[in-house]
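Lettered A, B, C and D in written order, each chain numbered from 1.
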Amino acid sequence: MLGIGVLGCGRIGAMHAANIAAHPRAHVAAVYDINPAAAQAVSDETGAPVMASAAEVFTSPDVDAVLIATATDTHADLLEQAIAAGKPVLCEKPIDLSLARVDRCAAAIAHTTLPVQIGFVRRFDPGHRAVFEAVRDGTIGELHQLIITSRDPGFPPEAYLEKSGGILRDMTIHDFDMARYILGQEPTRVFAVGSRLIAPNLMNALDDEDTITVVMTTASGKQAILINSREATYGYDQRVEAFGSLGMAVSENRRPHHMVLSGSTFTDHAAPLLNFFIERYREAFDAEIDAFVDAVENGSPVGVSYNDGRQALVLAEAALKSLQDGRIVDVSEIG
Amino acid sequence: MLGIGVLGCGRIGAMHAANIAAHPRAHVAAVYDINPAAAQAVSDETGAPVMASAAEVFTSPDVDAVLIATATDTHADLLEQAIAAGKPVLCEKPIDLSLARVDRCAAAIAHTTLPVQIGFVRRFDPGHRAVFEAVRDGTIGELHQLIITSRDPGFPPEAYLEKSGGILRDMTIHDFDMARYILGQEPTRVFAVGSRLIAPNLMNALDDEDTITVVMTTASGKQAILINSREATYGYDQRVEAFGSLGMAVSENRRPHHMVLSGSTFTDHAAPLLNFFIERYREAFDAEIDAFVDAVENGSPVGVSYNDGRQALVLAEAALKSLQDGRIVDVSEIG
Amino acid sequence: MLGIGVLGCGRIGAMHAANIAAHPRAHVAAVYDINPAAAQAVSDETGAPVMASAAEVFTSPDVDAVLIATATDTHADLLEQAIAAGKPVLCEKPIDLSLARVDRCAAAIAHTTLPVQIGFVRRFDPGHRAVFEAVRDGTIGELHQLIITSRDPGFPPEAYLEKSGGILRDMTIHDFDMARYILGQEPTRVFAVGSRLIAPNLMNALDDEDTITVVMTTASGKQAILINSREATYGYDQRVEAFGSLGMAVSENRRPHHMVLSGSTFTDHAAPLLNFFIERYREAFDAEIDAFVDAVENGSPVGVSYNDGRQALVLAEAALKSLQDGRIVDVSEIG
Amino acid sequence: MLGIGVLGCGRIGAMHAANIAAHPRAHVAAVYDINPAAAQAVSDETGAPVMASAAEVFTSPDVDAVLIATATDTHADLLEQAIAAGKPVLCEKPIDLSLARVDRCAAAIAHTTLPVQIGFVRRFDPGHRAVFEAVRDGTIGELHQLIITSRDPGFPPEAYLEKSGGILRDMTIHDFDMARYILGQEPTRVFAVGSRLIAPNLMNALDDEDTITVVMTTASGKQAILINSREATYGYDQRVEAFGSLGMAVSENRRPHHMVLSGSTFTDHAAPLLNFFIERYREAFDAEIDAFVDAVENGSPVGVSYNDGRQALVLAEAALKSLQDGRIVDVSEIG
């Protein structure tokens, strides 16, 4: 049983802790949060001891690996400390909102052979993964166009938006990663348009967008199209369409149940989509822990590497520059 | 161009006349109806001359074949007269409500080699036909269970019900034929239950049912289940499911368009089903004419034989006896 | 935390034990199996102590309630003993294969006010439950026809079939319960046909059927149609269709993921169905434990009562008699 | 009965002629093609006289209106001549490949009040139209994102590509029109990427693209995304998705029948998509003629105006410039 120390006991950290507790080959070995009550709540659920500091987690002999789910601006520091303490790390995305900080962290941990996995959980979704496999194994031939639709079910709180780093770094970043995962090659050019349609006043105040389309191309001409909205009334809209020379693979939306209704004015009326990511990506969150446990125990490759975390941020930066300058941006301009 | 005389210019006759008029290898050569205005209306649409009697149609040199779409109780007489006059016949179902009359008609035309096709149009539906083919070509292996759902979109007028011969002879008869078509063998035992749920008073007055389930088995144990209702609010529900040792083929419902809507309480809300048979079986009605023209011109087998018309009625009789006696009925009891 | 003693550590017992262990308000307090190795394996997973006998479980102060998942022929004895020992019971279906034994057990526990819940897990499936609710709340108006399709993904082992009590008592029994659940009234007449299509030699040897259709009616004329097969190549086919005066509610099949593929000869090719009941009814098994915990802790009604367990068996007996006698059977003939 | 003269009897002209012939309020009054055999073939089907020149059609007293389906480079000339002759015109798209020529033609016919309808047939598709209505009537609230997927089922012949004016003017032009139709406002900025993935050598030779993505925005920030490919193995992929503040409306693909198959490795395997535009947009072609007949007979607005034809070309020009310059193009740069 791999003992995992959980750093950060907010909504996502608590969910990870519960998943680890239920995992057949892992258990929660320690919990920490700057808010002791949050740590205590997770301790009550999992039986894991509350620690007084992250440092205490890193030095605990019961802790074989750590999961970092703290505030974004602490990720890189904690990641460096964990590696320094010899602990494998599963770190929530993003590594940091600053590419410079991400690169300093990369330098600081460059020597390590310990597993470092970044939390792009969607790679582990069974449907999205089946698309990935249909591309990789040639089922759809050569990939030509990749369309990723990602719309949140409800507008986020203002407090969240103020610290998110903007829609490209907080929301589209999942789609940048998904695009890289399925393309199997790096986008080289990025074009983005953003609109302020849902909450224009707030978006103006924050200089952010609530509705995004990004088009990326690779050197060989593959096209990736990312379609985002902060608010879809019908639920959490999460689709991936891969179109290739031999066919098409589509990961479709999911609902909480499969009852459909017909009446005098309609047929096959289904439930709203699963809402929200904890429900929609439940199996994926489990599989993410699985992959991390495998990496630590068996030395198998982590599902999502540090560099994957970096490159998604590079694309977000390129898209932001495209938005700001109103032009196509070469990814090489960013880093 | 095959000249077809149309006998009966009611709703179905008029529809057939229009289809014949638009057919590349056929035209309407004459029209007749006991109601001259109805005949005139079809004449106006098609340019075909109105004839004063069925006999005049049968003797017209311009008439190569006839379509009988008159009142049910005239079908057998007209069919006999047409054959006597040397005209191939496409006769709407049912041949007659009386099995004895059907058998007398069979005897009267026994000598003929002229094509006689009965109007079980659903055999020509592209979806149902694809199920048939998936059974015949072994795609689903040995057929084990066949489920036919057939529900009308709205309760028929009382005047219609009074003359229909009852739900088994007027509505389920299509499903008896579809079952025989797909089973590829004769049902030997029939069990039926009927309920009076939609219009119980009227059903009691007519001693008829508005909701029917029939279970039939073949000698080899294949099971066919027919599910009928006189009124489905969501449209004309027409499905065929064939389950076999290697898989399942299902002919699904059809809608007038493919727009689906999602909103705050639902997703993928589709339009009501195509309503009614003229719309739903439009391609099938065309293909039925096609098959008849082929039979007349090329001697290919008619799509639905006189015996098919008879056997569907036999099953309806068996089901009626099952309803009346509250027991399983051997088809051999009927004839 | 409710301490639940698990009796029977085979496939189903072990699954229940894992679900109880992961349940936020329950834990496994003791395990027992006639095969000590099976009990030990569940003990290893859950940390619960292995007990030497069922009696030891019933008398353990740590055991607040028991789950009976032993061989069918021990259910009634253990249920009586558990109630005698003052323990609430969640008992896997069927209570017993003999209606007489079920009724003796009923008499033996007649005095108790302890919760006794029978394991008809499908009532807890979110899709099936949504159909139930669409019927109960009037969304589809008056229920007219209920069609339950239930096909297993693979033929069971011969050893299982020898002790199952026959397809009606072991497989269709779930559908008898589902029919009663959704109808909201008792079927009064039962008709069944059985065929031996998949493994005819074995079925002949066992005098059992592998392919079943049952039609039941209620006093008011509602029709329920149960469609079973022991083997569907495409997975575990589990559908419920409720057709009523205002519309239709259908609980559709489920797949392990939502990727669909299109190629040069097909579109929207989806994965085989979830296979088998542990996967397909995962949420339902959780909700079943939930309902039992609620019943024990809060006195809420059990989701499925002892009488529900009895009545499903009565319908199975009626269907068996229908098969044997080749006639409609009045449920009142059975008991 | 409106007498329509058909100019151009190639594949599309012949199809239109057949539709006109079957139309209840119109007939083919004359046919003309530079290839007399082609004209004769349509004459044989419709009974309409073959004319020796377009001029003869324009002056025929039997011709109340004309349909122009000749080679693209003759459209504008014929349109001017028809208007000069006082005949209402239904002209196939595009008006011309040159915006200058389109504008000269506009000037030449500026004085007329005769109906001039351009053949953007997809506006008449029942599914796409239902999306349009869901946007117009507020069902999905304010439109935020519009995604139009349009992929041809097979790569066109080289001879066609050489004269098509390039993918943006020949294929995407339908989507530019669909975008304008559903947006209900003019796109103001256009960005396009093109790739040569299917037939790179031929595309290089022609300096054309086979895979296209276009992103357009309106002044208010609505986003339209057009996704094209010259070759989808699974059929003619034609989808429209409108996402708005209250929900989403999607016009889905269509198949020739509704049979779905399940087997040991898959479920719900459907037929390839309807292939090609004559099949897929059959109802739309009928409705297009309907709208034109209405415009001529009743003075109702044409379904697609001359200006609609022009504006689609403007967007194609803007997209081409975007491709060539690798930048966002303001539509005002074009005209």
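We take it that a residue touches a chain if its C-beta (ideal position, glycine included) is under 8 Å from a C-beta of that chain, and two chains touch if they have at least 3 such contacts.
In UniProt terms the chains read A, B, C, D = Oxidoreductase.
Quick caveat: nothing in here was measured; it's all calculated off a predicted structure.
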B-C compared against A-B, more contacting pairs = B-C
Of the pairs A-D, C-D or B-D, which has an interface that repeats that of A-C (more than half of the contact pairs shared)?
-> B-D
Mind checking the centre-to-centre distance between subunit B (Oxidoreductase) and subunit C (Oxidoreductase)? Centres are C-alpha means, answer in whole Å.
-> 41
CA centroid of subunit A (Oxidoreductase) to CA centroid of subunit B (Oxidoreductase), Å | 57
Contacts with two or more other chains occur in subunit D (Oxidoreductase) at residues 233-234, 246-248, 253, 260, 262-264, 271
Would you mind writing out the residues of subunit D (Oxidoreductase) in touch with subunit C (Oxidoreductase) in their complex?
-> 233-235, 253, 255, 260, 262-273
Considering the complex alone, what residue numbers of subunit C (Oxidoreductase) touch subunit B (Oxidoreductase)?
-> 141-142, 144-145, 147, 149, 151, 189, 191, 193, 195-198, 211, 213, 215, 217, 220-223, 225, 227, 229, 231-234, 237, 243, 245-248, 326-328
Please give the residue numbers of subunit C (Oxidoreductase) that touch subunit A (Oxidoreductase) in the complex, ascending.
-> 22, 24, 45, 125-131, 134, 139-140, 246-254, 256-264, 271
